[in-house]
Every structure is written in C-alpha cells, then in structure tokens.
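Chain naming follows the written order as A, B and C, and within any one chain the residues start at number 1.
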Amino acid sequence: MSHHLLEFNDVRFRYPDGTEALRGVSFRITHGESVGIVGANGAGKSTLLLHMNGYLLPTAGFVTVGEVPLRKETRPEIRRKVGVVFQNPDDQLFMPTVFDDVAFGPLNLGMPPDRVRERVREALYRVNALTLADKPPHRLSGGQKSAVAIATVIAMEPDILVMDEPAASLDPKSRRAVIGLLNTFAHSKIVASHDLDLILDVCARCLVIRDGAIVADGPSARILSDATLLAENNLELPLTLQGRPAMGGNAPMSAPRS
Amino acid sequence: MGDPCVSREAFHMTFEASFSGIGRLDRLSYRDTAVHRLDPRAKVVATMLYVVAVISFPKYEVLSLLPFFLFPVLMAALGDIPAGFIARKVVAVSPFAVFVGMFNPLFDPGTVAIAPGVSVSAGWVSFASILVKFALTISAALLLIATTSFPGICRAFRRLGMPALFVSQLLFLYRYLFVLMEETMRVVRARDLRSFGRRGTGVRVFVRIVATLFLRTVERAERIYGAMLARGFRGEVPSMRREALGPSDAVFVLAAASFFALCRLVPVPETIGRLVRGFAG
Amino acid sequence: MHMADALLSPAVGTAFWAGAIGTIGFASRKLKARLDDRKIPLMGVAGAFIFASQMINFTIPGTGSSGHLGGGLILTILLGPHAAFLVMASVLTVQALFFADGGLLALGCNIWNLGVYPCFVAWPLIYKPLAGDGRDRRRILPASVASAVAGLQMGAFSVVLQTLLSGKIALPFGTFLLVMQPIHLAIGAVEGFVTAGVIHYVRAVRPEMLDSVASTRPLAAGISLRNVLAGFIALAVVTGGALTWFASTHPDGLEWSIERISGKGGLPGQEHGIAAAAKRLQEKIAFLPDYGFKPPEGKSRGTEEAPAWPNIDAGTSASGLIGGLLVLAMALGIGWAIRAFRGKRST
C-alpha cells in the first residue's frame, strides 16, 4: 500500500518576507503510522503541515505523497489523498449547517448526491455526531465542533489524516473523546500539538522540530521522556510522565521563551 | 469638530440585546413544527405576496387591513413562536416609520367621519394606516425568519433565481455572524476593562477596534480559504438540493394567496359588519 | 435610515427591488468573470465584520442621534466595488430578516440606497479621483469624508424620494429634506473619519493587504463613466415608469406630492382651511362615488383601483368599524386557541 506513503526530501521554504521557515526537512512516513510533530511556537510546525496538502509549495526539495510528487498541477490529487484538519474548528467549519459542511468535500470530488449523502452519514457516524447533521456550527459545543471538523475530512476518505492541535481549548472530557476517536482510525495520522499527553496517547512516533529543521525523530515514549530535549524546545514532560525519576531534581518548568 | 463618543452603557444595551435577539430568532428557526417543515420557497413567496398585498392599500385604509393580522397570528401560533417576543422586536424597530408618519396628522388636516357623528383628521387615519402596515409587514418578515432557518431561506433564494455567488455570500455571512459578534464582544469587554469606568470612549478607540476586527477578519478569511482548498474547493461553493415541493407547500401557497386576494379585493370587515348589523336589525 | 415597507407603495417597492436584483446580477457576473477565489470567503466574513461593527453605535454629539458604520465605502476601498456591493446587499438582507430593519419589500430600496451610491457612485466618482492610488496618506481623509458624505446624502435623498413617490405620508418634501439631509451630513462625516482611520491602520499594520486588493483590479476599476450613466438611465426609466403608473392609478397621491414639491412648504394646513379640505374630500369621493355600495365583483377589475379612504357614508363606516374589530378579535382568538390547544396537548 505505497499510496499511504508521505515523504519529505530536504524541503526548504522561505516566506515572501524572507523568513526561512523550513531549512531542509527530511522524513518518511509509511502506511498506518501515527506520527506526532512537536516544537516551540514558531518552530515551523504549521509551515510543515501546510506543505502536506500543497497549500504551500517548497522553495526547494521535494514532497511526495504515494507516488505523486507535489507540484502546482498535482495539488488537487494530493489534496484527495491528504486530509488536513485545521486548528480552529470555526475556520474548518465554514458552511451553514453540519450536513453542508461534511458534504462540501465529497461534492467537490464530483460524487453523485446519493453517494454524498451516504458519505456524510458514515463520516458523522464515525465521529458520533449523526444527530447534529442539521445544526448550524455556531450551535455546537467545542467538542462537537472538533468531532465534526474531523468528520468533514474523513468524509473525503483520505489516505493520510493530518491534524493541527485537534484538542486545543477542549474541556478534559471532550479532549478524551477526541483522543479515543483518533485511536479508532487506521489511517496514517500526523498530529501537530503542544499537548504532549495527547501525542503520547495517539502517536507511536514523534518528530521534534526546531528553527525549521528536525532535531529528533523516534518513538514517542523515548522522545517525550527526554526532559533535556524537551526543555531545549520550550516543551515540558507530559503530565503522565512528570514526577518520574527521569525528570531528575531540576524540573525544566521555566524554559526561557525565545 | 467634536469627537463622536461611544457610550459604554449604550453599547452594552444595544449590542448584547441585539446579539441575544438574533440568537433567539435563530434558535426558533430550527424548531420542528408544521410551519417549519414547509418548503422555504413556499414561505418566502407567501410572505412576499403578503407584504405586497398589505402595502398596496391606499394611504387612508385602516379597517380593511385588519384581516391581514390573521397571517402572522397563524404563523406564530402554528409555528410555536412566542408572540410577545415578536411584538417587542416590532416595537423596537418602529422609530423611523413612526417618525415619518407622525407628521401626517400635522400636515393633512382634512376630516373624515369614522362613525355617525364622529370624525377625525385624515392625517390621523393615514398615520394609523402606516402603523398597521408597519406592524403587519415587519411581523411577517420576523416570522419568516423565525419559522425558516436562514440556510433554508438562502436555498429558496437560490432556487428562485438569485445568483449563486450572492447566495454563497449570504451563507458565509450567516456562518460567521455569530463568531464575529462574539469576537467583537470580547474586544469591547477588554477595552472596557481597561478604561476604568471612564464614561465614553473616543472615536479613536472605536477606529482601533474596527481596524483590529477587520485585520482579524482578513486573517480568518485566509485560514478559511486554506480549509476550503484542503477539501477540494475550486471556485464554486457546491450545494445540494434538499427540499422538494410537496402537496402541503402548494396548498399553503394557494391558500395564503387566495386569502390575501380575498382580503385585498373585498372589504371583509365591512361585509362582516354589515352582516352582523343585518342580523341585529 | 432604513426605508420601511409601511412607507412604500408597491410600484416604488418593486421598481427598486428590480433595480437591486439587477445590480446584484450585474455585480455577480462582473465578479465571476475574474474573481480571485480567495475573495469568496473574504467577502462573506467581511459581511459578518460589517454586521458586527455596525452593532457598536456611537452617539453624534449635538444631534443626540446615533450613528454606526454604514460600511459601503470601506468595503469598496478594501474589496473593490462589485464585491463590496454584494457584501452590502447580503448585510442588508440579513438585517431585513433578523432585525426586521425596514422589511422585505423595502429591502430593494435599502440595497439601492446603501449599496449602489457608495459602491458605484461615491467611490469611483469622488474617492478615486481624490485619493489617487492611495499612497499619499494625507489624501485619504478628505477623500473618504467627501465620498462618505456624498454617498449618504444621495442615500438620504433617495429615501425622501422613495417615500414621497409612494405617497403614504403627508410630510412636505422640503421639510422632509431639511430633516434628512443634515442628519446624514453628520453621520456621513463620522463614517468618513472612521473609514480613513481604519484605512490608515490597515496600511500601517498590513500594507500588502491594501496593495493586493488594489492590484487585483485594474486602475480604471472596471467602472467606466459609461456604465454609471447607463445605470442612471436605467434608474430613470424604472422610476419614470413607476411614476407614470403611479400617476394613472393614484391621481390624488400624485397631486398631493406635486403640490408639496411645488413649494407651498411651511405648514400648508393653515392655508387650506376646513372648506378647502372639505372640497378636496368631495373631489376624492366623486372620483369613486359608489364605494359604499359597490358589489365585490365590481372591484375585482383591478386591485389598484381600490378607493381612497375618505368616505363619509356613515353606514359604511360603522359596518367597517364593527367588522374590523370582529375580524381582529377572531384573528387573535384563533391564535390564542391554537396556543391553548397546543399547551394542553403537550402537558
């Protein structure tokens, strides 16, 4: 199943104002992997995610999804393979009702109305939000919004699911529900988040990004228990790992902010 | 030149009141009653016919307008819409019509007899006519939105021939109305918290708030555009037909249209009154 | 200054509906031809932005009236005229529905008054020439004050005309004008200051935003004088048609408004006296002498021939009054009964 493959090869990106946001990023994610991306604010996480579906195109280097190289012309194809759930559900849910919103992607893929209806039902069922179909998004709770935002993307049946802070500003119960939901997906998953406990629960592998480059890549359990590495990146140990011997005497609670 | 001031109290009154008013109308529109289930097109068409019928009465007509109260009353009762809420909203928007109409009694001094031996100035009659027409048309508009979800009305507009681009504007506006109103409220609260009870804030602050909101709006639009692209957007906002006109919609429009026509062409109150007096005498 | 249904005649209302829909169609076609996809969400969110900022009222000192951001001008500067017009039309539509500002038929007039003038008249003919390419800071304030004032003056004048053509009110033309225009002078000046302030702020923080908006449209801005003139001719034809129609169906109404416009002004009531009023009244009755006895089928000839009110047949009036009260009571009774029945069923 090579089409579930995502590969970055020495990707560089410079914004028009000259900021160099990515300085040679390389990694390879294979079928069914779930990968967390962590790093300080401004480290380049968002820029990295925006390359995964071609919202941004690399200034140098290559992005490959399946066997398709990312280029201007291949973007529609790439976007069918890679579904991105953006951080703020209010930006992700732009249609007037939940149904319309979940149907937006499948309709753009040119599906006939009956199939679209089926897809919408299925996607909403999977995120446990079938009863919300006729509601306008502004009447949903934060947790419901996050669930529906995920449904809008899985309705397109992407091979790879990319999420930016899927549980930001959710109450603990809704956050737990989202984590449970993510764990039911067999897709390749890429999750960028400051919520290291969530990464620990959802992702087997973890990338640490700093100043536009990958500084660590390995099993989440190992990376997320490396207090020194985390402190260098304005991060701290996941709450579930805090208080362990590995933390040592000086807790990296107040790492300097850049 | 004199800086216009933003009165904090006035702001909170108007803002929070309109915000909750819109929110309540919006919530009502998602109820599930026989009226809510009618096709939005049927309700839009019937309401437009109603408004045209009402305002087509000449300026001195009052009594023949009264049967038209039946339509909003029925819509509110069958749609389970609280009449007091609608009435309060009608009163709240009345100033302009009242302001313009209240000059009629001053400038139209002719007299008319309204009953044997009782006559009033024609201006008062035309003023009353304006007020009745106002109450009828505004309550009809409010009941349309209270019994039909805004997306439903937009789909009706689209299928009645409005350009797709315009309809998608309406839908985006509706979608972000509540989001931006909340954002505005937060910005203004932040301002108030830091103005330490100073009454009134200068136009500079108002400009700053509006400008900040605008910049945030543009950034939000950029993020939305990104989300749309991610889901295959290529310049057309797709839509799916959902409603189909059923027999009940046809019956509703026909019944409403014939009722309006009847009340427009026949002076119903007068006829009934004559019948009653016929029985009495 | 939202126009209201109750002040409109069907002729004026539908004429301006036609004008508004025509302009919506025109702007949509123009925009679709070369629209940057990005603008689709931006326009929608900008509408919500205008809506939200309009809810912040500020009182204008000295008048006691409250003003708010109309938005037509600022949107045109930031989005270009066609997009701005569509946004204004959608803002006004939502207001007509959720706030009942004016009502549904008056929506056409309101879109015309608050959309067409700032976007298609004040911006190309006043703002553009005065502000130039917008790079000179000092030109923005005078340009936006002048065009906001002009746009609002045109809108206010339009409200006065629409009201008078509809013939539902007795306020003399001159007086109405003297009330409306100065109020909107102040509102327009404030709108101009706010617009300039926002433009300055945006230029300082995100200059590329203004440039990108400016660069997505050609400098001539897609609005030639020819188009503006064509629009005005179309408007003239529409209103002319409405006027003729009006004249043929409501002679008294036209006489009334022409009489007022011809400048008797002041308090004409005092000049008329009771005798004159009675005479006029008689003339009106003579125009449809048999109202009280006319059988219903006689009237179905056309709704527009319905008689004017003044009718001193006491018998008819009394019947009307009794019947009117009965009808009102019945309507309310039906509503109450339905509610009571529902209440019982749900308990």
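For the reader, a short list of remarks on this structure follows.
As a working rule, a residue touches a chain if its C-beta (ideal position, glycine included) is under 8 Å from a C-beta of that chain, and two chains touch if they have at least 3 such contacts.
Only a predicted model underlies this, so the values are computations on that prediction, with no experimental measurement involved.
The minimum number of touch steps linking chain A to chain C comes to 2. Counting C-beta pairs in contact, the chain pair with the largest number is B-C. Among the remaining chains, A is positioned farthest from chain B, on the basis of C-alpha centroids.
Relative to the centroid of all protein Cα atoms, the closest per-chain Cα centroid is that of B.
Inter-chain centre distance (chain A to chain C, centres taken as mean C-alpha positions): 49 Å. Centroids built from CA atoms put chain B at 43 Å from chain A. Averaged C-alpha coordinates give centres for chain B and chain C that are 15 Å from one another. Of all residues in chain B, those touching 2 or more other chains are 26, 150, 171-172, 174-175, 177, 179, 220, 224, 228, 233-234, 237, listed in ascending order. Within chain A, contacts with two or more other chains are made by residues 94. Among all residues of chain C, those that touch two or more other chains are 41.
Those residues of chain B that touch chain A in the complex are listed here as 26-27, 30, 149-151, 154, 171-172, 174-175, 177-179, 220, 223-224, 226-234, 237-241.
On the side of chain C, the complex with chain B involves touching residues 1-2, 4-10, 13-14, 21, 24-25, 28-29, 31-32, 35, 37-38, 40-49, 51-53, 55-62, 66-67, 69, 78, 86-87, 89-91, 93-94, 96-101, 103-105, 163, 167-172, 175-176, 190, 193-194, 197-198, 201-202, 205-206, 209, 250, 253, 267-269, 272, 274, 277-278, 280-281, 296, 299-300, 303-304, 306-312, 314, 316-328, 330-332, 334-336, 338-339, 342.
Interface residues of chain A, counted against chain B in their complex, comprise 50, 53, 55, 76, 79-80, 83-84, 86, 88, 90-97, 100, 103-105, 107-109, 113, 116, 134-139, 152-153, 156.
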